[in-house]
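Below is one structure; the comments refer to it alone.
By letter and in written order, the chains are A, B, C, D, E and F; residue numbering begins at 1 in each of them.
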Amino acid sequence: MSANPIQPTIPLDGQGKQHGFLRLPYSRNDSAWGSVMIPITVIANGEGPVALLTGGNHGDEYEGPIALQQLAWEIDPADVTGRIIIVPYMNYPAFRAGARVSPIDQVNLNRAFPGRPDGTVSQKIANYFNDVLVPMADVVLDYHSGGKTLDFLPYAAAHYLDDKRQQAACVEAVKAFGAPYSMMMLEIDSVGMFDTAVESQGKVFVTTELGGGGTASARSAEIAIRGAKNVLRHSGILAGEVEPAEGAQMLDMPGGDCFHFASRDGLLHPLADLGDQVKAGQPIARIWPPDRTGIEPVDLLANRDGVIAARHFPGLVQSGDCLAVIAAFHTGDA
Amino acid sequence: MSANPIQPTIPLDGQGKQHGFLRLPYSRNDSAWGSVMIPITVIANGEGPVALLTGGNHGDEYEGPIALQQLAWEIDPADVTGRIIIVPYMNYPAFRAGARVSPIDQVNLNRAFPGRPDGTVSQKIANYFNDVLVPMADVVLDYHSGGKTLDFLPYAAAHYLDDKRQQAACVEAVKAFGAPYSMMMLEIDSVGMFDTAVESQGKVFVTTELGGGGTASARSAEIAIRGAKNVLRHSGILAGEVEPAEGAQMLDMPGGDCFHFASRDGLLHPLADLGDQVKAGQPIARIWPPDRTGIEPVDLLANRDGVIAARHFPGLVQSGDCLAVIAAFHTGDA
Amino acid sequence: MSANPIQPTIPLDGQGKQHGFLRLPYSRNDSAWGSVMIPITVIANGEGPVALLTGGNHGDEYEGPIALQQLAWEIDPADVTGRIIIVPYMNYPAFRAGARVSPIDQVNLNRAFPGRPDGTVSQKIANYFNDVLVPMADVVLDYHSGGKTLDFLPYAAAHYLDDKRQQAACVEAVKAFGAPYSMMMLEIDSVGMFDTAVESQGKVFVTTELGGGGTASARSAEIAIRGAKNVLRHSGILAGEVEPAEGAQMLDMPGGDCFHFASRDGLLHPLADLGDQVKAGQPIARIWPPDRTGIEPVDLLANRDGVIAARHFPGLVQSGDCLAVIAAFHTGDA
Amino acid sequence: MSANPIQPTIPLDGQGKQHGFLRLPYSRNDSAWGSVMIPITVIANGEGPVALLTGGNHGDEYEGPIALQQLAWEIDPADVTGRIIIVPYMNYPAFRAGARVSPIDQVNLNRAFPGRPDGTVSQKIANYFNDVLVPMADVVLDYHSGGKTLDFLPYAAAHYLDDKRQQAACVEAVKAFGAPYSMMMLEIDSVGMFDTAVESQGKVFVTTELGGGGTASARSAEIAIRGAKNVLRHSGILAGEVEPAEGAQMLDMPGGDCFHFASRDGLLHPLADLGDQVKAGQPIARIWPPDRTGIEPVDLLANRDGVIAARHFPGLVQSGDCLAVIAAFHTGDA
Amino acid sequence: MSANPIQPTIPLDGQGKQHGFLRLPYSRNDSAWGSVMIPITVIANGEGPVALLTGGNHGDEYEGPIALQQLAWEIDPADVTGRIIIVPYMNYPAFRAGARVSPIDQVNLNRAFPGRPDGTVSQKIANYFNDVLVPMADVVLDYHSGGKTLDFLPYAAAHYLDDKRQQAACVEAVKAFGAPYSMMMLEIDSVGMFDTAVESQGKVFVTTELGGGGTASARSAEIAIRGAKNVLRHSGILAGEVEPAEGAQMLDMPGGDCFHFASRDGLLHPLADLGDQVKAGQPIARIWPPDRTGIEPVDLLANRDGVIAARHFPGLVQSGDCLAVIAAFHTGDA
Amino acid sequence: MSANPIQPTIPLDGQGKQHGFLRLPYSRNDSAWGSVMIPITVIANGEGPVALLTGGNHGDEYEGPIALQQLAWEIDPADVTGRIIIVPYMNYPAFRAGARVSPIDQVNLNRAFPGRPDGTVSQKIANYFNDVLVPMADVVLDYHSGGKTLDFLPYAAAHYLDDKRQQAACVEAVKAFGAPYSMMMLEIDSVGMFDTAVESQGKVFVTTELGGGGTASARSAEIAIRGAKNVLRHSGILAGEVEPAEGAQMLDMPGGDCFHFASRDGLLHPLADLGDQVKAGQPIARIWPPDRTGIEPVDLLANRDGVIAARHFPGLVQSGDCLAVIAAFHTGDA
């Protein structure tokens, strides 16, 4: 198989702080010899652990890009022991389009791992992270939010892993992140995820959901910035103490009945908001017909007790959309 | 000038509750003899004042459509004295597209009044409301929210009018609506607005901004529903007492310096949220470059003291976008 | 007002047979100094009446273009007394796009008369016909069919006109055309139609509906070709006898209850076909939901006795589409 | 290889009649956690053979969807022995778009078999039918028509198969269907077809072509409904006798010279219609230039004697389009 | 009529050098309270004449934007007497799209004058120049090139005007510009042009065509920069001497026979290049069919003697495209 | 693997001159049984070597298509010894779209070799050339130019090959072609190129770059026509002597530092033109900001001494675009 055509314009193993690009040649109608230029910053000081911080895996999720621009600008190499690799806009074409998937190949980057060096643009990006950047790292923090169509309670998350020692290390990093909520997740279908690619290489991995709707707030940006610093401090890469979260809560998404789907198209009338505690059988959303008045609405009832942890964002819904996720309060050990 | 081609499929002057459509013939490639079908409900009981309730003036604002579907379904004609005309999706093509302006003619309905009977689809809709529905009404409530690109503190609003008696009646209706905030507005450029069309016919008019981002929440939907009922009760059309808002605040948008514009394209990093009180000179938002790291961001400073009443919603901004509106607490009489 | 910029590349008043274009300058992104080139043929021999034959008023109706290409190719000037002006593809951009309306300005040419010399491309075309070609003519034959979204029984038609002498001349020409059906029509809304533009100049006018669905058949093409020759013979322009239609029937569209509209979106299940005689109250079409099974369909009942003269063509319908037209057998004098 | 992600929302092995969906998770820009919801009905009563009835393999062919909606609504489980699985809109995204191929991945479902569980949306659908539904069935009826660009004489068809016993069973089912025509077909290129996927699993298979042009008529819908009932009766699944077709004719498409291709772009002038008997050398269609008059047309001559069984539908043709198929009357044993 | 909503962000009557924007509010789906921001630079020093320099009237013509960016950057206010107003990207939305006409309203700005303050975005821009900027100016230089679809010999041009004194002043300014060629033009259809708007206000006006194809070269950029400086020096606004052009030639476009149009679609095979002298009857271009080989090409013959001054640029042509303009050497007095 | 579905409509091994098509069945929404028709001409006379001449590998490069149409029309079989296979529009869908890559599958044909018989349209085309046409040939000439986004000095080129005997034969053919420049190229990434597919089959291969910008000139077309004749004469296929180029120069692209990339988006201001000799460190291009004035431009400096052999064509650039290629004068033996 051919080599990945992506080339960094700065050395990944230099010292100090350098800003550059991952240059991916991309021949197309509007530029026969054009490139995709993915911004990257490397901040290094001496020997030590390596952190890879990524945002923009989905192009319409903004807490990660904001936090990573802030860190790339603000972190002084003198405060670093080891190396921080920052890629705020991982799926750069999607980020520029403000879209979840790449406008070039319609690929969801987070289902494209381990990628292909001779594949589409997104597959090449996935492959470069999988084969070049992740192997360099000890800890990986990948930011997500709900994007334009979902909204989440702000949480950092770890997965249930076969390697319980690795899982414990991930949970510790998640707690260090210090989001208002922490979540334990069992991925039903983890094929192709960046998470899986990182975890299968034995790395400490933190993922997040920090809001959504295709926007960020001052509050969610602040959570994202503090979280990354905390993970870097926890990992011994950045000087300073972890700033613990106050009143953080541990949640669980234990099974398929957490997910609630729309059974018809229409206008979404929410009856419960993010963070609301609900009881099984309680109406949590109503769907009105999009084309007429005077028709009885369809009410969606909670499958289980818990807290609304995610919800459909746009005012219009389509049959089959996930309207809400009800999480449980975590009771066991992670 | 020719007659407006829109025809209602139900009588507008009937008694009881009837659901139907405003049918607008629209010949196009995919239906030579097609129509735009705008849902309408009329609820009438005896003689009395007439209210016109409208949502979907902009197609990506959802509190109005939700509240009006709920009212069209729930209101019992026996509780009515007079007549309620409900049009939840005024710019129906825009509503179905989830877009601010009509996908048919790219027209912003709220700048298309008084419209034209022989104009584009949006101009015909504007003209029908201007010439047929508004003249029937004593009080008009038109719902707005921020849509996909703006977010607002929830408020109902009245305009400063030349006719101070009319203005006072509008302010009373706004207060009856009972949103968490009430706003006095001086429109710089009111040409073409539905507001202007209604006010110039001497009607009592209430407009709102109840959230935004292209979504609604349980809380904002509740405000919208209660507000309409309050206005109907205040007007003597619906039985029952007005439910007053607790702790409602009166705000003002006194001048052009309330509006803050982006001076470059990029990634929006908010530094203050809706409802936050800010001081003149305080940074309220930061813009990071969309294409590289390591560049100093541009900070946007508050022009004046006040409260953040509106903000740009999407995570990406373009030069010239309004990033924030700072309102003042209203001190004088409305 | 400025002069119409369209220029013919052949003389309109020459003798013999000449083929050329109406050249309309059209500056656009892909050709700064480009043109719309509308094919035209003029066949003239000595002095005599002038016929204007037009097809492609709507770009997805094919009997007219076929018949007029055949005539432009086949007619020998020696058989002509007077002049025949043939424009097979009147709305040429729409014809090339296979669409009802122009892809350039989205204008329905048949609602754009009398047009504007400084308007959009379609408005300029309308204006050139209105101001230059129609005034030259004594008789005008404009071909229509149902296009991609309607299908018709094959008929030629005349309008009820205030000038009964003119109406009688039109009816004679319609009968001469010799379609299987002839139709008397009372246009509710004739504003902007080519028909109205022609009739208001006092011309003998024949219009047709000869099929539809965005196709033509050998049979419908044959009707179109023979019809034009018959009208030309009837007018004394083409040598030979009118070939009368056998068993032709006269129909009427007497009122608004002829038209039957869909009241919901879905899959169209026709229960009666073109030419079928139906009784008031009889189900003529059924609409199944497009998104699920197991829901009772909506049946559309005939408003009146008569014959199915037109129907919605595509398998999917939208609320407000005209599903069927039921015509009556004509009983009075035209 | 991973498991197919499609999940039915109803049990496929239940009793009685149930309506639900095949839910296929589909993450995209406008719904991060969205789904494709393919309607399905299962009607079962006791033990017995299983029929799989499918429409909408191509999304612009309507006789199948109409017939299957009608059957899903009308069939009483008490009349059933065994099980009927009904999927009216197999390529649901294509059906909703009114298009032959899926708007999501541009895939022609009928060339996508056996599909991939980790492929595109269409490939996942193909794989689910191939691996889950077809194995359950004894007899499979897949409806086709010409879609928006072809029109066919109404026929049911069987393929020449290596397993002559299987072929004979298929031919019997085709005859039971009772369309006005029956057809024996030798597929030149059967790779990727649903037909091939079904036949290779040893099932009795009936396919059809029942019209086209992107519409259905009352007559063609009736043929489709009666045909499915006949096949179900013939298979012993539905109570009642097969209603034989009157005057049905057996046709053959014996070779490549049945197909007639356009050799230039232009306006199609048909010279023979569906069902017309033609002689070798006879002109069956004419192509006029789309951009000018006065040019000699190109005539397409019949390659062989026979009956016009299929034709190009749209009024415009492109070089390389199949304009007509001439079938022969079947003389040998099937 | 309402006031033009465009507001400059810098004072137009200040001293020294200031860079800012013309801000045009533009509400749209992706920014409800967005703006079009047209860059502007004002360089002023004391009292003196005023020059208005404009580029990007068509958005795909680059010599003007390059020269004006260079001048806005380079000119020292100390070298100025009077005022220079520079707008490099007049039709800013078209410039950003790399297109001749605005992507917002499809309007050709150079046919939109005098514009409308309440019109489309392009009409508002035209109106602001017509009513605000042009009246401030004594001399106006508007850059053009061929754009993506035409290519020109580099020339500056003046029009034949009724006011011969004004014409002479324009011709002097054109000669001062110092392009390799100068051109006298008689506009057949000058309605809506910026040229006409400026000239009708009695200003000295210079227009240019400096290349084309949607690109610029080092040489054409140099001509553009030197030309503007020369005009400013000629006008007494910029210090220094006019740098005369060496060997400049005066050309004329005396009539409609200068223009040569394509009579069919196809592949363009040029037989003469820009600057070549040709004789009447000489083949200057050949058109090959785009869809087949082995067909005799169509040759385009020169209507007259002269020099090829403009040509169609793209390799594909459409019937009606202007393929070439043949200019004559100017012999009389301008 | 299945057989390639492409079928020629003329015999490839016939005698004399025949014009036809490579017919590739392509089922799609607008033609269920449609085809891609790639024009082909075969000119043969007796036994002898076989040349394959191809243009339109990229659809926006015109010198090849022009030259090959000219040759297909002009060459007399009597002047031939052997066989000439001419395909002017290899990626026919891209050629008709005037685009580099195919509008059907977005595939760059010149990175799709060896293709797949069951792949996308472009992959099928690649596979047919790879498996059928190239094996027939002794010498292959494939025309390229810069297309719409690049411009080149006119040169023919050969690659450095492992087989030095083959390389020498290629170089001889390149010199015979007789372009103003000849180039020796070392492809860094030759995977998927037609060049590689041809060379790996041991053929004599000539490629070219003969201009660009999406146009051709009389001069560049002449070079292309003479070049093909020269190669055919050099190969002994066409009668006559090679016409040597006067003053032809041999260039080299020795390494990655020949390529110069844009480091930001903006307006391109070239400071050196094609053919200009430059020194290392010399500014060769400048980028101005696309959204404001008064910002210092970014200058691009030459990495090395040499001649500008290629440049970015459009007036706007994106970060990562190749702005210029500086070639060296070839000094060693090829």
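General observations
Quick note on the criterion: contacts are C-beta pairs under 8 Å (C-beta built on N, C-alpha and C of every residue); 3 or more make two chains touch, one makes a residue touch a chain.
In this text the structure is predicted, and so the values were computed from the model without any measurement.
Chains making contact with subunit C as well as with subunit D: A, E.
Interface subunit A/subunit F: under half of the residue numbers present appear on both copies, so the contact uses mostly different residues. Chain copies subunit D and subunit F are related through a rotation whose angle, from the C-alpha fit, is 120° to the nearest 5. Across the assembly, the mean Cα position most removed from that of subunit C is the one of A. Centres computed as Cα averages put subunit B at a distance of 49 Å from subunit D.
Chain centres here are Cα averages; for subunit A and subunit C they lie 58 Å apart.
Measuring from the averaged C-alpha position of subunit B to that of subunit E gives a distance of 44 Å. Contacts with at least two other chains are made by residues 21, 37, 60, 291, 314, 319 of subunit C.
Chain pairs that touch one another, listed by label: A-B, A-C, A-D, A-F, B-C, B-E, B-F, C-D, C-E, D-E, D-F, E-F. Across the complex, subunit C meets subunit A through its residues 264-265, 291, 319. Here subunit D touches subunit F in the complex through residues 58, 60, 99-101, 108, 111, 146-150, 189, 191, 259, 261, 312, 314, 318-322, going by the rule given at the top. Only residues 2, 5, 21, 23, 26-37, 118 of subunit F touch subunit D when the two sit together in their complex. Against subunit D, the residues of subunit C that register as touching in their complex are 17, 19, 21, 37, 39-41, 60-62, 65-66, 68-70, 72-73, 86, 88-89, 95-96, 98, 151, 213-219, 221, 267-273, 276, 288, 290-297, 313-316.
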